[in-house]
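In the two assemblies presented below, chain A is common to both, partnered first by chain B and then by chain C.
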Partner chain A sequence: MQPMLPEWMKTSEEYVPPGDGGAFYYRTLRSLGGIMSRLRVESGREGRCSLPAWLKLLVLILYILLMSLARDRLCIMGLAAAGLMVLAMMPAKDIWSVLRPALLAGGLAAVLFAPAVIMDPGRLSNSLMVVVKVIMSVTAVGIFNRRTQWNHVTAALRRFRVPGVVIFLIDITFRFIVLLGNLMTEMLTALQLRSVGRNRKKYDSVGGIMGTVFLRGSEMNREMYEAMQCRGFTDDYKGL
Partner chain B sequence: MHIPENYLSPASCAVMTAAAVPVWVHSVKKVKEVLPRDKIAMIGVGAAFSFLSMMFNVPLVGGTTGHAVGGTLIALLFGPEAACLGVSVALLLQAVLFGDGGILAFGANCFNMAFVLPFAGYGIYSLIMKGTSADARPGRAYAAAAIGSYVGICAAAFCCAVEFGIQPELFHDAAGNALYCPYDLSIAIPAMMIPHMAVAGVVEAAFTVAVYAFVRKTAPDMTYEAIRDRLPVREESKKGRFPVYALVAVLIAAVPLGLLATGTAWGEWGADEIAETAETGSPLGYTPKGMEDGFSLDVLMPDYTLGEVSEAVAYIISAVTGTALLIIIFKLLSIPLKGKNAANAS
Partner chain C sequence: MKIIELKDIYFEYDREEGPVLRDFSLEEEAGEAVILRGGNGSGKTTLLRILNGLSFPQKGSYAFKGEKIDRDHLADNGRAKRFHKSVGYLFQNPDTMLFNSSVYDEIAFGPRQMGLRDEEADRRVEDLLSLFELRDIRDRVPYHLSGGQKKLVALASVVALDPEVLTLDEPFADLEKKRAAWLLDFLKELKASGRTLMIASHRDDLAGELNGREIEMRSL
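On to the complex of A and B.
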């Protein structure tokens, strides 16, 4: 006798969960977490004969200051030429990662200035100067990031007498943003997997997620600080 | 030799651009095929040589100025196709940043200086060097480079003169006044050819041979022969890039010498100057209509100057900017190819 399949096994089933509120908030939190976890500190590489980090930081600050204060073309184009020369000496891959955000920022500036140029085409070269300023300032920061190790940056900040607590905060923030972003995305996934069907209280969990992230963050922070103290950290960045 | 804006009619510009497009397409394909990835980044250095050589104006007979182009040099270093791309990008920068050569006339300028010049120059060179190599007969190679670059720049000047010269025949108003370039073939050809054959061609040949010999001695792996025949790279030549960059730096520092030659190059007068030019014996007396109300574009550093500032400083800043941008552009162009080559290798 042939085994008979029951009728209900022969029909295909496609279960589509009923439309449920909360898609917006899931998406928002998820993209927030995604952006946070992408914000990792770029690991800069230093050449063999690299300048000390504090000098580079000083030059960077001076460069941006001069670039934003300069009003005549000679100054702006001279600074731009210097910046481009440094950029040209970098390897091709680094150049692109430095130039991409700079060009994006320049494009944004160009869009902002477009109405002014359309109203008065005679001002085109002035607006171009501002675009050049924006591109070169962002490029300068990019070059600095690419060419300086993060721990050397903190050491340089200490040299400029920035209080240790501030450096500690900056350091921790940059590291933890990534961790907390990952944590948030993971928690959202877990929550979504566990809440099948209609759930009217979705928005109640927003506070829960954010609160947990905060609590976990401060806990991780405390643990790391204690671990650092156990290893001899004395709130001072000089020796690093 | 940079044809400015409004010296050629828009129709001529369109024809010349259409003629240049297939050359660009062929060059891009060939460069991708032949040149290894790190050499593509080095085309930028070659283009920088060309850009800088165009900044050294030399006084020519008849009170005008001219300059070398260096297209044959890039062809000797990286092949004529790479020279075409290198000179094209250099010309683009000059047109967009410094207002040297028109935006509309970009196609025509590229046809003359990026296609005719390097291909003619390299063609002559390889004709002379047929059956032998530069390593076996260096003296012959330098002579061939000199002759090639001389013929190349003269051929480019001839094309340029013809483009100028046919304008008054084709485009004039009812009174017989030219709309664009006012001088016909009988004036344009001698006016362009004599100075280029007498002075600019010699400068081009000298510049080409000097830099070619320097590069061959300091970085032998950077010549096209080495690349094409895939000669093994000698270890010590890897370090040889430093003298090449040093030469670029020296050239940049020396560009203000190019300012010593005063006067405007033939066929590059501004719209305010042209009425006083007296190529036929008497002043022209009118400004061609197409130039008066033609297309013009504001650029960041018109004619490599920055307002009131000393010309030499502005000239050096222009040279640094142009060189750096050329190197950056070609380094960026070498990135996508890197991925492709890596995929082929694995």
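On to the complex of A and C.
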């Protein structure tokens, strides 16, 4: 049957959008989706003379442990200097991408410590040490992430006798978080395009998006597991 | 009247990957249909995103009805809403457009925000449910529909805003033959009503059927 346009589509309308807040709300959620979609685990690149991944993982764990347990200022500074030296050997664009989250984490720690320091200025020195520990620990993770291919990380975990199912969960989580972040960003974009007036049910809309992302995540998980079973997966995950 | 004017557009997502669009210019009159054709990665979706103010070119300019559309212009909430009301966008993947709990609510999402009286908004939704032959599924959750049904619900929810320009990314994908034929007739009706169409599609016959202009896009 030939489609017939309804009357309201045959006349032109002058549209003046009613005022509405909520731009900040959507922007924040889109930023969150953007961060999720940037968590690409495949971004690590290894040089020709790179250390084996298991050794790097071991050094990383030791570094974070030492940094957390160290109480002596000289020891903390020494560890920080070692970390910064490794960072300085990386390409400039990688340095910024490693430092940015580390500085953000350090900033957050500083904000959390601020009330304690205001109440008792004598705690300033200790608080600064904790902030340095946070910055350097996140930096170390960033360097490891930038310098190690993801499939080598899973192989290293395997070497440390981490159960296959745990590696599988970590692997799938990191892979899907990017896809789900993309989906969430796209859905919020679509929502914004159709938000041409006053949305009285913002929370319903955002709740609908979150629900859909959750459903899609669960569906993708099931589909992938079934696809893996069809290709002979026997619950023994060796990584890729 | 020129409704869309793109001039010397240069766009790249990543400096290492190079440009997706370079020196791309296009003018479209109101009521015209332009069909974008080309392989994967040729920049069709990117162009539609630029037309909808979702991406902004690094060089060149985009004007909609004579108004320059850029980040600053759309920073004003009121202007952005008026612009998005005028230009409708059907995403290639309809899953990203559907977030309501029923087909009815999905289509009603736009009209309910536009300040229309409740009965007027309801009438729009009822009209579109009939027009798109979606009455049988009006209470179903969009997420659980078939690919073709999702596409139609997504399109109906865009049409509910009564936009002047419709930018459609692969609207015929996922549609069975009968539905695809219906959609073609619907697009002809839209064009006859004076609406401007910009369609990315792999169909060879679309430009001829809609009496429109075809633009072949190539990967750079």
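Just so it is clear, the second predicted complex is superposed on the first by the 141 of 240 C-alpha atoms of A that agree within 3 Å, B and C clash if a C-alpha of one lies under 4 Å from a C-alpha of the other, contacts with A are read in each partner's own complex, and residues count from 1 in each chain.
Heads up, the rule we're going with is that a residue touches a chain if its C-beta (ideal position, glycine included) is under 8 Å from a C-beta of that chain, and two chains touch if they have at least 3 such contacts.
All values reported here derive from a predicted model rather than from experimental measurement.
Between chain B and chain C, the partner in contact with more residues of chain A is C. Of the two partner chains placed by the overlay, neither chain B nor chain C lies in contact with A:I64.
In the superposed pair of complexes, A:K10 makes contact with chain C only, with no contact to chain B.
Once the two complexes are laid over each other on the shared chain, residue contacts for A:L193 go to chain C alone; chain B is not touched.
Once chain A of one complex is fitted onto chain A of the other, the partner contacts of A:A102 are absent, as it touches neither chain B nor chain C. Judged by the touch definition given at the top, the superposed model places A:L180 against neither chain B nor chain C. Applying the stated contact rule after C-alpha superposition, one finds that A:A155 touches neither chain B nor chain C.
Of the two partner chains, neither chain B nor chain C is touched by A:V134. Of the two partner chains, chain B is the only one touched by A:L74; chain C is not. Within chain A, not a single residue is touched by chain B in the first complex and by chain C in the second. Residues 1-6, 8-10, 12-13, 15-20, 23, 183, 186-187, 189-200, 205, 208-209, 211-212, 215-216 of chain A are the ones touching chain C in the complex.
Within the complex formed with chain B, the residues of chain A that make contact are 72-74, 77-78, 80-82, 84-85, 87-88, 91-93, 95-96, 99, 121, 124-125, 128-129, 132. Of all residues in chain B, those touching chain A in their complex are 41, 298-301, 306-307, 309, 313-314, 317, 320-321, 323-325, 327-328, 331-332, 334-335, 338.
Taken together, the chain C residues at the contact with chain A in this complex read 52, 54, 77-78, 81-82, 84-86, 89, 91, 93, 95-101, 109-110, 112-115, 123-124, 127-128, 131, 143, 157-159, 161-162, 164, 182, 185-186, 189-190, 193.
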